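Would you mind keeping the following structure in view while I ask a few things?
The letters A, B, C and D name the chains in turn, as written, and every chain counts its residues from 1.
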Amino acid sequence: MNTILTTQCADDVGLIAKITGLCHQHNLNITRNNEFVDKDAQRFFMRTELSVQPNSEFLTQLEGLLPTGAKVTLHSNEKTKVVLLATKEAHCLGGVLLKQFEQALNIEVLAVIANYPNLAPLAKGFDVPFHVVSHEGLSRAEHDLQVGDLIASYNPDIIGLAKYMRILSPEFVGRFDGKIINIHHSFLPAFIGAKPYHQAFERGVKIIGATAHFVNNELDEGPIIMQDVTHVNHANTAEMMAKMGKDVEKTVFCKALQLASEHKLFINGNRTVVFS
Amino acid sequence: MNTILTTQCADDVGLIAKITGLCHQHNLNITRNNEFVDKDAQRFFMRTELSVQPNSEFLTQLEGLLPTGAKVTLHSNEKTKVVLLATKEAHCLGGVLLKQFEQALNIEVLAVIANYPNLAPLAKGFDVPFHVVSHEGLSRAEHDLQVGDLIASYNPDIIGLAKYMRILSPEFVGRFDGKIINIHHSFLPAFIGAKPYHQAFERGVKIIGATAHFVNNELDEGPIIMQDVTHVNHANTAEMMAKMGKDVEKTVFCKALQLASEHKLFINGNRTVVFS
Amino acid sequence: MNTILTTQCADDVGLIAKITGLCHQHNLNITRNNEFVDKDAQRFFMRTELSVQPNSEFLTQLEGLLPTGAKVTLHSNEKTKVVLLATKEAHCLGGVLLKQFEQALNIEVLAVIANYPNLAPLAKGFDVPFHVVSHEGLSRAEHDLQVGDLIASYNPDIIGLAKYMRILSPEFVGRFDGKIINIHHSFLPAFIGAKPYHQAFERGVKIIGATAHFVNNELDEGPIIMQDVTHVNHANTAEMMAKMGKDVEKTVFCKALQLASEHKLFINGNRTVVFS
Amino acid sequence: MNTILTTQCADDVGLIAKITGLCHQHNLNITRNNEFVDKDAQRFFMRTELSVQPNSEFLTQLEGLLPTGAKVTLHSNEKTKVVLLATKEAHCLGGVLLKQFEQALNIEVLAVIANYPNLAPLAKGFDVPFHVVSHEGLSRAEHDLQVGDLIASYNPDIIGLAKYMRILSPEFVGRFDGKIINIHHSFLPAFIGAKPYHQAFERGVKIIGATAHFVNNELDEGPIIMQDVTHVNHANTAEMMAKMGKDVEKTVFCKALQLASEHKLFINGNRTVVFS
């Protein structure tokens, strides 16, 4: 991968011309470019792959050309740093660790933090540090603070909730605003509450799915990154559906982390822009 | 297609042996057989393809072997008779009529009934009778009675709601119990109320879908027959999503009618058994 | 849809800046932009949606900025003009005509030309002119000339081969270079020769598919536009596979025409660039 | 899972009645049953789930009822024993080991055997014995004999070729006839020879896929078990296609092993019967 420039700002006339014009002045060859304008929100998003790394003045000059409040970032070819949170279920955690091992994802999992010790062998098998921060005897605020401090000590780019079965406090979410990616099951229609696969089975659905999304404080469920589904039938028990659903969760979670690591994800209010 | 025997009854030990044993006695070669037992509901479902048509005594003997209340039916190779109800949207109606024209579905569309005249040219283009029964100036009960009488005059096996944008009265549903197949859009998460594609767009979903289901009076939405989805992205407007959603609706509706015409659909309480 | 500017030329530094800079000068707001550089072939492709129609000088000025041999085109909001060629099979022809009727495709089917009369009722049902040009008693050159002259009289943007079961002469292909879109079945592995679905059945494949491609004279099969597949199983006969394959053909053919009508298709040597 | 009875034999009238009748006599409740008749080959296949384990006389009596040469097997609830062969690529091996760890597959991987040491850490991370049998300095016959003896010492039910990049001798294949499952990439159209993803890229395909199949000596490629694909586009390099292809290979290989472990796979000449 090349150096990636990401730009997001209020929309204006001539933004592409300004940005690519400055690249041209700096002799930066653009090998790939994606942009999107949200007309309703009047927001501009652009991802630009450059074959050469710009010099130190480039970003300052660029900011000078763009509307106030523009957010421009240069991402070098380094791996995206990820801390994964988990509880007891192995599929999403294992899926990411295996992909890292295969060198199929441009990420580095710095650590796994879990509120139970069950998945320690899995992390250790892939030589990734594993920390247990038990919630026993702690208030939610206390536990979130301990976990948050441990995360912060790694300074990750992304925090992946690999089936972390804890409700997060607003303080925790705010501390890592825009960096937390979660995965959960999804159904047509949706089922609220406990044992969703049993509810889906009872309702006789023919499709089950999974949604990866950013976590924020404004919503039950933050901006959706990616969704996928699999077909089920009358002969599938709730247990089989849960197993099939885990496969979809694993796939969708890995792809969401891949998009993040390739700097193709932008949060746009309650939605996302995904350059795939 | 061969003669199809469908059986549904309370579960019991030895049902497959009894049914296939009788077929053997009658020298009926079974070319394909599917069965399913719902263990919770203690219900047995079986679909049996026979290479020869049984004689007149077969069904009586079979009923004598099965638990009280068993429902056994022989379906000859005749086309399934369908009446389609529509309003103004062409995609589901046209999808079925085209498939009939292609001889890709073993159905005969006896008539199209609509509450607006807009789709008359489509039906006429395929040489299918088209009736307008306007709801103007009629109560729901009156309109449903007129439409129901017209349907009844055709004596169809299946009534397909090809985007029929009317709420059906319980009397209408009861009159054609177990024969009405509807299609509607589906989302992850679900959106209630008007303009669902706009809601889906606002929420930033990445998948839109469609559900074909039987209509009954016990539920908001009856037993689900089939579901499918398509992927959307941030660049798709609500209008584009609606267009893409229509494609899925067309496909799912046609497949639901195909399953019905092949006698592969069973209603099992609030769910379906689908031998695909 | 807005005015669409398509650009293809030799790659060079600063092309995006030049094109979007000129748009800026002309006060043309870019609502969507896609570009792709084929690094091996050193070719640049760009599709730009403009909210306003440029004045008459714009294209001349643009050509002056770009490398020699650049191909720039402005596409207004008009429907793409299509002539469809067919033989006896209804599914692809009907699929397109139905989509046109639904207003789901921004195309106008000017005429259907077939070498057999079988599909006349289908075209007439959709009020589209239908011409039979029988190949009986004609050499391939003579038949292709007659068909070609008839096509030319309509001056279409695209010629869609909707299961036109004739081998085209190099003269015919050359006459409509880059404008002919074909659809054919595809398998994993591939099967050459007659009765491909029977071969696929004999081989026990689990997937069948379809490929839409441009027709050219340099290859057995020209640049691929789109492909899709469906799953089959041991219980599907060759006839059932053929029926399922037709559904995929219909879908893929319609989507290829949609991409063409939205000016999202570029031929790049033996490949395509598809901005979807 | 319950006890599974699998039956394959020459087709005959009344086979289902005979088998299910004997189950009935033995008070064996059938919870699920699938059968298929290949009419051309006159072969009968059946998979029967029984809620109770039959006594020792059941199989003998069953064989007495069936045509000569019938193959009937009872599979208890035990895990399917698998030996995996690998070379240097991690994705298929890791995919299966992770699924075993998640308890998502009813298999026990007894050992991994590779001709290079590279994947030892992956196997060890999952606590699975790993053996290197280098082919250096050995003829194919010698190497296959060493590998075969090592496999035989584990007495597995299934040998999974998890990207084992060696051509197998007929002796090796014959020694483990009907037990070897392989995975390889697949394309539309197919590409023979080296660097298939580069060939696919050059050809501009829009779909890449994978095929899981049994290995036999009669064919280039034995009976196909399962196939799947993923969509690619013009912006995907050959390297990206290879990465995406590996994901499909992993998924298809795991599903093929799952089908084997659930006794849903039958070899039928050059094809398979898959009860899914």
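Odds and ends about this structure:
The definition used in the following text is that contacts are C-beta pairs under 8 Å (C-beta built on N, C-alpha and C of every residue); 3 or more make two chains touch, one makes a residue touch a chain.
Molecules present, by chain and UniProt name: A, B, C, D = Formyltetrahydrofolate deformylase.
Here the structure is a predicted model, which means the values were calculated and not measured.
Taking only C-alpha atoms, you rotate subunit A by 180 degrees to land it on subunit B; that is to the nearest 5.
Ranking all chains by how far their C-alpha centres lie from the centre of subunit D, first place goes to C.
Remark: subunit C and subunit D have CA centroids separated by 40 Å (rounded to whole angstrom).
Subunit A and subunit D have Cα centroids lying 35 Å from one another. Counting partners per residue, subunit D has 32, 36, 235 as the residues that reach two or more other chains.
Within the complex formed with subunit B, the subunit A residues making contact are 36, 38, 186-190, 202-207, 209, 211, 221, 223-229, 231, 233-235, 268, 270-274, 276. Listing the residues of subunit C that touch subunit A in their complex gives 13-14, 16-17, 20-21, 23-24, 27, 29-37, 39. The part of subunit A that touches subunit D in the complex is made up of residues 32, 90-91, 94-95, 98, 101-102, 104, 121-122, 124-127, 235, 243, 246-247.
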